[in-house]
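In structure tokens below, several structures.
Both complexes below contain subunit A, partnered by subunit B and then by subunit C.
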Partner chain A sequence: MPTLRVAPVEAGLKAAIKPRLNPFSFIYAAAGAYIAAFLVLPVGRILVETAFALAEAEAPLEPGFGEYVARITLNSVFVAGFTALVSVALGLPLAFFTVKVMTPARGLFRVLLALPLITPPFISAFATILLLGRTGVLTQLLVRIGLPEVYIYGPAGLTLTHVLHFTPLAYLTVAAGLQVVPAAVEEAAASLGSGTARTLVRVVLPYIRPHILMAAVLVFLASFGDVGAPLLLAGDFRVLPLETYTSFNSFQVDRRVSLILASWSILLAFLVLLIMKRLMAQTQVAHTFTTRTFVYRARLLRWLGFGFCLAATGLLFLPYVVIVISSFGTVWTTGLLPAAFTLRNYQFILTNLQDIKNSLVLSTIGTPLCVGLAFSLGKLFRDYGPRAAWLDYLVLLPFVIPGVVIGIGLVKGYPGFQPLGIPLLLPIAYSVRRLPYALRVATAGYSRIDRTIEEASLALGASPWRTFWRVTWPQLIPALAATSAVAFIRIITELGSTLIILPPGWRTAPVAIFYYAAEGFIGRASAISVVLIAIVALGSALANLDYSRLIGRLKTRL
Partner chain B sequence: MGLSRRRFLQFLALGAAGAVSACAPAGAPTSPATTQPAREFSGRLVIYSSIFADGAEALKKGFEQAHPKVTVEFINPGGTEVILKRLDAERARPQADLMHSGFSLEYREAKKLGLIEPVDPREIMGDLPETLDLGGTKIPLKDQDNYFFVWGIQFGGIEINTERLKALNLPRPESLQDLTKPVYKGHIIFMKPQNSSTAFTNVLYTYHALGNDDAKFKEFWDKLNANIAFYTEKSATLYALVAKGEAAIGIAGSRAVYRDQQEGYPVDFIYPADGSVVLDNSMALVKGAPNRELALEFMRWHLAREGQEAIAPTFYTPVRPGIKMPRPEVTLEFALKNIPKVIVPDPDIADRKRAEILRMFDAYTQGRSR
Partner chain C sequence: MTAVVLEGLTKRFGNTVAVDNLTLSVSEGEFFTLLGPSGCGKTTTLRLIAGFETATAGIIRFGQRVVNDLPPQRRSVGMVFQNYAVFPTMTVFENVAYGLEVRGIQGKELRRRVLAALELVGLAGLESRRPDQLSGGQLQRVALARALVIEPQILLLDEPLSNLDVQLRVSIRKEIRRIQQALKITTIYVTHDQEEALAVSDRVAVLNAGRLEQVASPFELYRFPASRFVARFIGWATVLSGRVVSAQPTGYVAIKLDGGPVLRATWCRPVEPGQRVWVSVRPEALSPVESSQAENVVSGEVSYLEFLGPAVRGELKAEGFAEPLLFELERPPRDWSSWAGKSLCLQVDPELIAYGPE
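Up next is the complex of A and B:
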């Protein structure tokens, strides 16, 4: 007959309420030191250098500099704000039709709608030129029916590119919100005689308001920090990340300009994150429980959903269609199709696989670093709650600071950092830069874990360490797969910091695409883009497999 | 007596080099480099270069064939300006062995900043003369203090997309002055001289073409700036956009235009009536280069017949005479016949005017930030 063991229960609970004493303290310290070394110091260095540069300056800044900074900031806010508005306006109905309505082929739409996120924004920018440039395919069709040319080099082209690229981000965030609306709420509304439209407006939308706002903020930030699309499409319309990037890259202009713009970006990042954190607090509440989803089955709604999803998916996919065509093309100038079709662009890739290999190697090193950090910090935030909020706030900074700023900070802080000949600075930059994405998914994974099971384990005398590995970790496996997929996708497509750090012999696929596209090797750039998209799609499909079930099946067979 | 495979290949290479030298046009100087027994090099050579991908691939392939145990890594961080920035950031622990491409004016900056070091010209130039005679105009092929060396040249001028020009019913511009006419408003693109050495050299050339007159220069650029649709961040982007037909006209260098023409793009290059500037692609040894000897071997090879022949198919005009070119338009002879006036940038004026010119373009580009 089992006896009640009082002392171990007390010890376990003590350990639970004194997290500083558990073995995770070392992991937290290591994660903290990593963040301090590779995020706080590089960013802090830029702020300190700015202060010194301004203090030691003998000549004043150019007249009108303040006005210029204000203008490029407002330009960035305008594009990011408008992108957020349109993306949410598109993403909301898409999410509704694929989550709440029995739309035909909704599973397929869900997969397809996430695909644009796995490409770097500059590929979308390049596709925008192929579609709507002065000699673009759509432009030619518009001109043929008597409409004027669209001028894409400026806010219109930038916003369009960002909308096509970031709408999936809005869609996924809103869809996540719709999945946690308790069916009982909508059932109650329906039973009280509320129609579909009224239930949506009066019940569902208020319920997912934090997710809608979060979607808007995420799209805003992604658009605000992007440098790839403006490099190709900004024209005269200068935006803050582009100006920061080009001033950093320009050796012979006043060095204070790049420092001021970088510091200004960092300060703005803090401001935007303040808003973001408040919204996140609201969305986390919604994430803490899961429930059955109410589904609308009205025939008209189903086919309306199908039509809308088909049109929107077609629109979002148009850029990738032209990229695929271009990858098989020779010269593509003023015709509706390339002058001729060829396989030479793919033959080139087959004989020059180094860029893709480099991307895979660096992502394979960077992804575990990023995921390890995300889960360590996710647990820290869970254990320490509001006391660790400042750290949570800090690690979100790379979400908003342009990659090039982080790259410059790291190169200055750790020149030639290659322990054992391995160019670790790039994977480190990736892990820090993409941490906000991975951390959000890991945190969501932690939030779904039932604390009572962990408490039971501790009460039965298991140490916090044992409890984590035997109770918590198995429940985190799905989140691990999702976090790895998100980290891998974001890392393998990273451009900004790579352009700055790029160690000899380690040119990545995104950098190759960027240079080939910029130098006019359009077919070659397109072919590498197609291969990169295929790799990322395959990677994310593998990561999304249900490994728990797969292992279970294998065990059964064995 | 049996020969090892490597030894056999070395003999073969020497034989081939000898045959190439023998086939060179009469009067063409023979590079002593081709007749010297090749020293065996190994390791990795890191070159920071703003050269286009096709040029980098040709040089890498050629040098690695000449030295099978060597790996060449071309890194283009985004233009010559960025290379300067990166070399400066890595000053304490240089990662690159060579600075490559971009024009001599930028190398003067690198020299002033102590980022590159001098090289004994006897080690790398062989029988290459110190200047190139372009119809009476002398183009220096090396820095007077031996800090940098010119390996190829091209010319500044006007790129047009012939189809786009026709579609817009625009006349073919014949000079840079033509581009200030209101008819071209919104149809011209140019690169930012703050980021592009091609752009800066082109701007300086207009200063020379206008008799080094400050007032005329400012008036000219005020008018031209008003006609420019936008400034690109990189020179490469300008070529890509004009080739695609996104802009009808670009102010550019000749090499990429002829390459795009060869690819099938409807572009053409115009040597302006007011003169064409010499764009002298250079190279220099990075100060404290990790692989100094290998870098010197690359410089020697690049200036010798083999290296010049390796780069010629990509339309960079070699400085060594007698190299067979893929098209007549990229030969020095063609340029001499077609260029109304050759202008060589004055480095002293460049040094004196640089800050002022960049400030002027800061005002143009920042002022355009709608």
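Up next is the complex of A and C:
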């Protein structure tokens, strides 16, 4: 028997903390430095500057400033809250009919209902103007029937646009929840004599409650932080991100106003983030068993579902139909169709490609930055687990902080940063701002790789570096392709931070759409929108390819 | 071939103690099994030995060398995982060759050794297959070949058979034992299946809640369990409480069961008269007798019966016993089911009674 010598606890602790320096340590350090420089510092700077500006108090703020902030915050909360409510109310039945009922063509509906998500909200806003503006198609129809005109420049138009645009987000989140309800739960309910309605209300809805709440929070956040639709539609109705943007760009407003509004947005974002993190833990239920989905077979439900899905899909696609028609039209003010059809708008774009070229150049720089960051952090989270949870909070911030605010932070932190004539601040802003999206796809890719496979490699004597490149990386390639595509389509449609940073000569396609729409060049704005939608649709198609199967096929052919 | 020594090994995760002050040594070339219910710390112990976890306290030695601070890739252990962990993007050949490549072995030598390893586990001819073209049993063999080809000092197996069906489990465990005997490699095997542990091991360590209950050969473990927990965990047994009446070293020990008769057991460990003990009675220790007057006889009513094929197992509700006595009778007669509810006298073989201080 060996003599019993218990090593002191400190020895064990030292072994655990002892930094195992390997090449990844440097990658983590670089990723950390990037996050610190381009997210933490800019956001922190806004908060600190606000504190100083308030403390100095050279002159008191305008009287009534407090009420003003309260009003625009309430306005934003009202629009976002109402949007969330209606979107979930629409998304829930859509999800039920396409996941749980044998609705005819439900596969097609599932694809179509996800499509609007890839386009930016300001295109939807633009479409709302085409539909319901003073000379809109629907407005004319309403007038002909003798109904009163709808005034869309304000909360009504804004909410309508956001509902049309964000319902797919609510739909997808709820549908994901419905898909993981194990069939056994509903079968048990049915075997106990529970009817469809009772099972849905008593068993299914409580089961997916976290997903429903999550859908509401996601829609709320997206609507709350959007600046594109308010720019075109808000009219005199003041909302927080738009006010932050205009006060930053205006010389007439007190310099402190934009700072205070930005800080206020950041504080609200932290609050929402806390709620969201909690919900995320509940929605990411990983079943160890494979789940079947229970299907309700009643014939009536099927046709009810078909009708509902058809109507909803038609409604959600109406904006895009109008934009496509308008892009081929000359003037569209008095008829149900444009006065004449023409290709001039596209010819104009072809001869003025600068905006699209700018967008492509900036996205091509921003995407690898974003993807590289996402995969470095994904690996870091995998290696450090709960010890890196605080960092996880940090990198989710760009999801909840409006783009305008991130733009302000970066412009203040790095004014005139333009090495080699390229305004690198834009791709950097994009990479940080779209990181949460990329990170989500990347971590999903990592989590599909069984950890014991990496352990097997280590046990065989391979270094962590070799293990990553020989064992982990080949399995990550499908996730890399998907992450790149998601990052690209999110980056090329970014508007908030672009508006703030926008260096001369670097107008992007989204800014051009906004500019043409505001200046009344409706045909041109439509045509660029169509081109942009085509680009993101292509990107999205690439994101949804089954890469693992594709690679397998290529390999067997070689 | 290397001995493995654990001294005061402790692993805590937050407030839970997964492995609690574990001390044991595995000899060179020994087939050593860590056995216990789920959550007893056996897998954590194995992962500590492999280097995937860092010990909170204690020492792990391979031979003379303390390996606590050695990262897993420098420990030269072969490990087989419960879910095989075969690299999905590599062929069978590439999987097995991987560890050799890491060691700088190339060309003909690499090929020769990979093919030899595949031959050893019975996978010759499948080297260009991809993992998704293999069955569970074949994947398990790939994992085994991959672990063995690097000629590790120590082979670690983490529940390697638990994902296979019963027939395959029995045949692969035979093969693992055969290969281990041929290579004389120090092997540490983790399982929760006690039959598997008894079948393949030289020695077995029973763990419970992170603590070591007993280390012994399979025979000793079954016949002379060191604690109430081991008696209950290994095989079937009725475990009762009692007080020692008399004890003759190397002779018999008489124990008065609480509320029951006095039972005579063959001496297996020192106890003092008057001492409180637990008593374990194996089902096969009981055989029917005509009269209750003979020695070591328990009588009662048959309260439950089940047919197992080679035997009938039942429960005897004996007067004064805290729990029913399990019995097993081989080669049951045609009218075995008529025993149900009848009273029966059963004599207990003192050889198959174990006891120990509470």
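Keep in mind that, in the parts below, the second predicted complex is superposed on the first by the 460 of 558 C-alpha atoms of A that agree within 3 Å, B and C clash if a C-alpha of one lies under 4 Å from a C-alpha of the other, contacts with A are read in each partner's own complex, and residues count from 1 in each chain.
Rule of thumb we're sticking to: a contact is a pair of C-beta atoms (placed from the backbone, for glycine too) under 8 Å apart; a residue touches a chain by one contact, two chains touch by 3 or more.
Being a predicted model, the structure only gives us computed values, none of them experimental.
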Touching partner for A:A541 - first (subunit B), second (subunit C), both, neither: neither
Subunit A: partner with more touched residues, subunit B or subunit C: B
Which superposed partner A:P474 touches (first subunit B, second subunit C, both, neither): second
Contacts of A:A311 with subunit B and subunit C, given as first, second, both or neither: neither
First, second, both or neither for A:Y516, with subunit B first and subunit C second: first
Which of subunit B and subunit C A:R238 touches, first, second, both or neither: first
Subunit B versus subunit C as contact partner of A:L74, first or second or both or neither: neither
Touching partner for A:V201 - first (subunit B), second (subunit C), both, neither: neither
Which superposed partner A:K412 touches (first subunit B, second subunit C, both, neither): first
Subunit B/subunit C common contact set on subunit A: none
Of all residues in subunit A, those that touch subunit C in their complex: 1-9, 11-13, 15-16, 18, 20, 450, 452-453, 455-464, 466-467, 470-471, 474-475
Partner subunit A, residues of subunit C touching it in the complex: 5, 7-8, 10, 21, 23, 25, 50-52, 54-59, 68-69, 71-79, 81-83, 85-89, 98-99, 102-103, 143, 146-147, 150, 156
Residues of subunit A defined as touching subunit B within the complex: 62, 64, 68, 71-72, 75, 129, 133-135, 153-154, 231-232, 234-238, 242-243, 246, 248-253, 330-334, 339, 408, 411-412, 415-416, 499-500, 502-505, 507, 515-522
Residue ranges of subunit B touching subunit A (in the complex, touch as defined): 44, 46, 52-54, 71, 73, 75-79, 81-82, 84-86, 88-90, 92-93, 95-96, 109, 163-164, 167, 192, 194-195, 229-231, 233-234, 236-237, 239-240, 243-247, 256, 260, 263-266, 354-355, 358-359, 362-363, 365-370
